[in-house]
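Chain IDs A, B, C and D follow the sequence of writing; residue 1 opens each chain.
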Amino acid sequence: MPAKVALKRNPKKNPLGRVFSGNIGALAVGLKYFFDPNRITLLYPHEYIKLRQGYRGYIILIQEKCISCSSCARICPARAMKMLSVKVFDKRLKKEMVKKFPVINYNRCIFCGYCVDVCPTEALYHVPYHDLVYMNMQDMILSLEDFQKEPEDVTAKEGLPIKYIFDEKKGLVKVKYEEEKKEVVQPQQSQQQKENPQSKQVDKGGVS
Amino acid sequence: MASNISSGSVPHLPGMEVTELSKNTYEVYIGPAHPGSGHMRIIVEVDGDVMVRVDPDIGFVHRTMEKLAEGRDWIKNIPLFERMAILDACNITLPYVEAVERLLGTEPPDRARYLRTLLCEINRIASHLYGMGIFGVFLGHSTLYMWAFGDREVFIDLAEQMTGARLTHSYPVFGGVRRDIPDDFPENARKATKYMRNRLNEYAKIFLNNPNIRSRLENVGIMSKNLATELGIVGPNLRASGVRYDVRLNEPYEAYGDVEFEIPVFEEGDSLARAWARVEEIRQSLNIIEQAVDWLEKHPRENFMHEKFWKTAPKLYKDVFSGQIDYAGKYRVKLMPLFASLKVPPGKAFARVEAGRGEMVYYVESDGEDVPYRVRVVSPSFRNVIAFKYLMPGHRLMDLPAIYGSFDYFPPEWDR
Amino acid sequence: MVGGEKKLISIQDSLKNVLKDNIISIEQAKGYIDVLVPTDKLVDSAKKLKEFGFDHVKSVTAVDYIAKKQFKITYHISSYLNEELSKYIIGLSTIINRDDPHLPSLSKIWVSAEFQEREVYEFFGIIFDDHPDLRLLLLTPVVAALKPLRKDFVVKEESDNIEVDYAAYNATKWW
Amino acid sequence: MNVWYLIYRVIIDDIIFYPPIYQFLIIPGLIAALIVALIIIWFERKAAAFVQMRYGPREIAPKIGGAIQLVADLTRYALQEIIIPETVDVLPYLLSPIIMIILALLPLEAVPITSIRTYYPIPPDYSLLIAVALSTLSPLFIIIMSWASNNKFAVVGGVRESFIITAYELIAVLGFLSVAAMTQSFNLVQIVNLQMSGKWFGLLNPIALLVVFIAVLMSTSGFPFEIPDSESELVAGPYTEYTGLLYGLNMGGAYIKRWVFSILITIVFLGGWAPYRPTPGIITGYFIPSLIISIKALIVMAIMSFLRSVYGRYRVDQALGIAWEILIPLTLVAFGLGLAEAYFGII
């Protein structure tokens, strides 16, 4: 069923009808929305969109899973990800050795998600938020420790979580976000991690 | 190079162009810092209120993408080219992906073709709405501007659910796509299409049938069929002049050969017809979205990448796709590490698709290395800009926004 | 696609009929038909192709073969009005010398080539004789003098090295 | 005590409620105009936002819907640096916005806003004619402004302004005079008194009202009809070279002109202070009628502002074509209708 051509013309109207029906139609639509406004604006700092899982937000490394293959750094189109050689204690071989781990420069990152998709062991993942503020550009180059921590979602502290749902009449409707039934375990790891960044368990990655 | 530019006894400084004006005319510079136009300048020579010479002066956001592409790996060029027109991201990168696929000799599987078609149409609607919004600003109609941008949000949200990013999707990759649609996507898409159909009627009422706007657009900037062909205009602008050309019709790509839709062609060729052509195209795109969603719902979620890849993929890849790993998003298609150092067999390929603003063309040449030897990008706005030079003279100065806006010109796309 | 193949052969034949001995070589590339003609017969071939029905230029592409000291200019042309021809894209190409690059302009035959030729002119320094308005389009004169798309203009990009030195990284935190 | 009472009476009677001062500076003059601008600009933004899927001004005082947004804007305009380009003709450049504002308010000095004889600013016998004549003065200074700016965009804008003004002021004047033809009087007090029975001239002669309404919309160049300063091809038209407070004055000038015309429309077509009958005394004879007129004029302005969200901008030659080809004949029809009604004694 290929496409077919449909010949159309600009709608024609006689001049008098054009003036009357055109003006009345335009005014009627205007008045309709004046009395029944359909607002979709997000009042941003007071409300924020709770994005769904799968949104390409900030990228987090799970160091335990990384096999130092450098694929992520090689595929990065913006050269934001580089490999850093670090001495780590290998559990399997039970000795100290030099391994390469990715670090990221958020000055450059374009959030294309290639690194996450190319990682053969799923050691990188996205968190579904992107509105962070750094005080200077140096801070945007993360160290290996910072790269493993989920950054604090600052807007979530003050704002009201909002979800847009699709609607046939209003397009997008703003509703308050409610946690889904499946209980999401909030990882209480930030303190723990600071003390002992290397000891992060893989299974702890149960984050929304 | 500079010495070639001007001739005669006119004084000349490097970087400066001096032209003598005929009597009783003066020059007006529209842009480059201009509400609505983006970054371009139109140098207009005006005789009274009538334009006599129009010279589009462009390149304010030029980024030399053709050169940059020669230094980047094949896959890294996809996010690069996307930045030409982020509001039309899938359409803009698709011909590049197709050209490279032709060189590689791979064909995307059916599901990937439908997914690409789906995103292309979502992008087309978003792009048309953007263009109409800007058009509204040009004519001083702020309501259309806000409406178009507000309703565009619906389709950007759809695209975000599908790809994980609002604008820079980087969705098609060589041999397939990067994600499958989420479970609730078909339902949302159907709601969005229904909503948009109703809205288009209201757009017509408040904007296109508004006598005020009609008188601005009717019989303004009439481009005959022959002139449009001669100038090589593309997209809805071409079809508004009565030329029956659409890449989706003449050389169906992806799933366009399998879905049913119409190509609206208008005969008038004036600004009003160009605006109507966009509205009708949005209507057809909504049809395509519904059909694509139906198809995707009926068919199983497999074969979204090249078949060979799916068979040899390790278990983890399938786990990620089916959502077994809880911290990673569902229905994501993992890329092969091979993509990072892909080498494309030598050859020359040419690909065209119908992007939102018109025909998008890539010429890709490979010499077997991991970077392209030459990528030539011709974007739709690039081929439309010539129309300003030949169409505007003879019109009044106040017709400039009406013509400019009706062409849906987008400077970053042309400047590359 | 069998029918398609046949049609391609027939369009190649008809191109040969139209251009006759102008053709140096004709080749089916991926997505278009590459027709190579000598530079002095470019205008003649273009006129014949336009009469045949190819009414617009899609792209004017120049490729710098620095090893062979050649430029290859390709006019990708197709048709809007002729539905049969609109399915094909013809690459009307010619090879010119890299040292003194100029060739006849086709923008009087195809107006749609006008801006594209201006672009090729500024990026490659290729001069199109008889062009109605050969000025810079995108670049400033200073940049255009460098002829940026030629292969001997090398873009200085940051290092492709994917590894970062630990000591340097800790000291400067920058790359 | 008596002295203080005397001073109080002097301030109230002879200064505040001295008609030229009261009408020029307080109600419906400068202060009322500022308050009206505050309300109308807020309403304009809010109404447009309602139609356009937005909230409109909100962040400044969210509890009252951002109603004092204009105060913030004015503060910004007032504190902005005023840049005077070297190429301009300084004296007319600086003076013309100020003179324009003063002249825009001047018609109010000719308009009686009560039927009590003591509160007429001038003898009202020819007040309609004088008010209409004074209202045509201020656009001259927009043209001077554009010429003094020495800028191509400003000159094009100024030329457009002069075209529009010539066409539409004429229509406005003729529209008002059609009522004078009906009543055989230029006396605004008499015109209002004739409407006291509820037969407003806007109802008796709707064509004249429509014509005047359109003419006011066009000649005061409010937002979608701002042909002289259409931003998409002329940066800001005559005001291109203005910055800071001077630019704010220009923007305010358009609103003040519209406000003055709205008051004229109210008095001539919408019954002025009817149905209220002023009785002697400052409050009942002067203050209340002026309030009634202001509120009616405010509604007229609100309707004008709402149109912003429905219409776009006309091309200058189309606007002139509408004026000369459609509205002038319509005005003559309105004139004829008025004469006919007067002849058959409907008034």
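Keep in mind that, in the parts below, a contact is a pair of C-beta atoms (placed from the backbone, for glycine too) under 8 Å apart; a residue touches a chain by one contact, two chains touch by 3 or more.
Quantities reported herein were computed from a predicted structural model and do not represent experimental measurements.
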Practice problem: Decide which interface, B-C or B-D, involves more C-beta pairs in contact, and give its chain pair. | Solution: B-C
Practice problem: Report the inter-chain centroid distance for chain B and chain D in whole angstrom, where each centroid is the mean of the CA atoms. | Solution: 46
Practice problem: Averaging only over C-alpha atoms, locate the centres of chain B and chain C and give their separation in whole Å. | Solution: 22
Quiz item: Just curious, how far off is chain D from chain C if you go by their C-alpha centres, in Å?
Solution: 62
Quiz prompt | Centre-to-centre distance between chain D and chain A (centres being mean Cα positions), rounded to whole Å | solution = 51
Quiz prompt | Residues within chain B bordering two or more other chains | solution = 143, 150, 206, 210, 212, 244
Quiz item: On chain A, where are the residues touching two or more other chains?
Solution: 26, 29-30, 40, 74
Quiz item: Each pair of chains that touch: what are they?
Solution: A-B, A-C, A-D, B-C, B-D
Quiz item: Hey, which residues of chain C end up touching chain B in the complex?
Solution: 29-32, 34, 55-59, 61, 63-64, 74, 76, 80-81, 83, 86-87, 89, 91, 110-116, 122-123, 125, 127, 134-142, 144-145, 148-149, 153, 155, 157
Practice problem: Please name which positions on chain B make contact with chain D in the complex. | Solution: 26-28, 30, 34-36, 49, 136-143, 145-147, 150, 206-207, 210, 212-213, 215-216, 396-402
Quiz item: Which chain B residues qualify as touching chain C in the complex?
Solution: 1-2, 4-5, 14-15, 17, 58-59, 62, 64, 66-68, 71, 99, 102-103, 225, 228-232, 238, 243-245, 250-251, 347-352, 359, 361, 363, 365, 373-374, 376, 378, 382-383, 385-386, 390, 415
Quiz item: In their shared complex, at which residues does chain B touch chain A?
Solution: 72-73, 75-80, 143, 150-151, 153-154, 157, 160-161, 164-165, 168, 170, 178-179, 182, 187-188, 191-192, 194-196, 198-199, 202, 205-206, 209-212, 214, 218, 244, 246, 248-249, 252, 256-268, 270, 272-273, 276, 280, 314, 316, 320, 325-337, 339-341
Quiz item: chain C touches which residues of chain A in the complex?
Solution: 70, 73-74, 79, 81-86, 100, 103, 105, 138, 141, 143
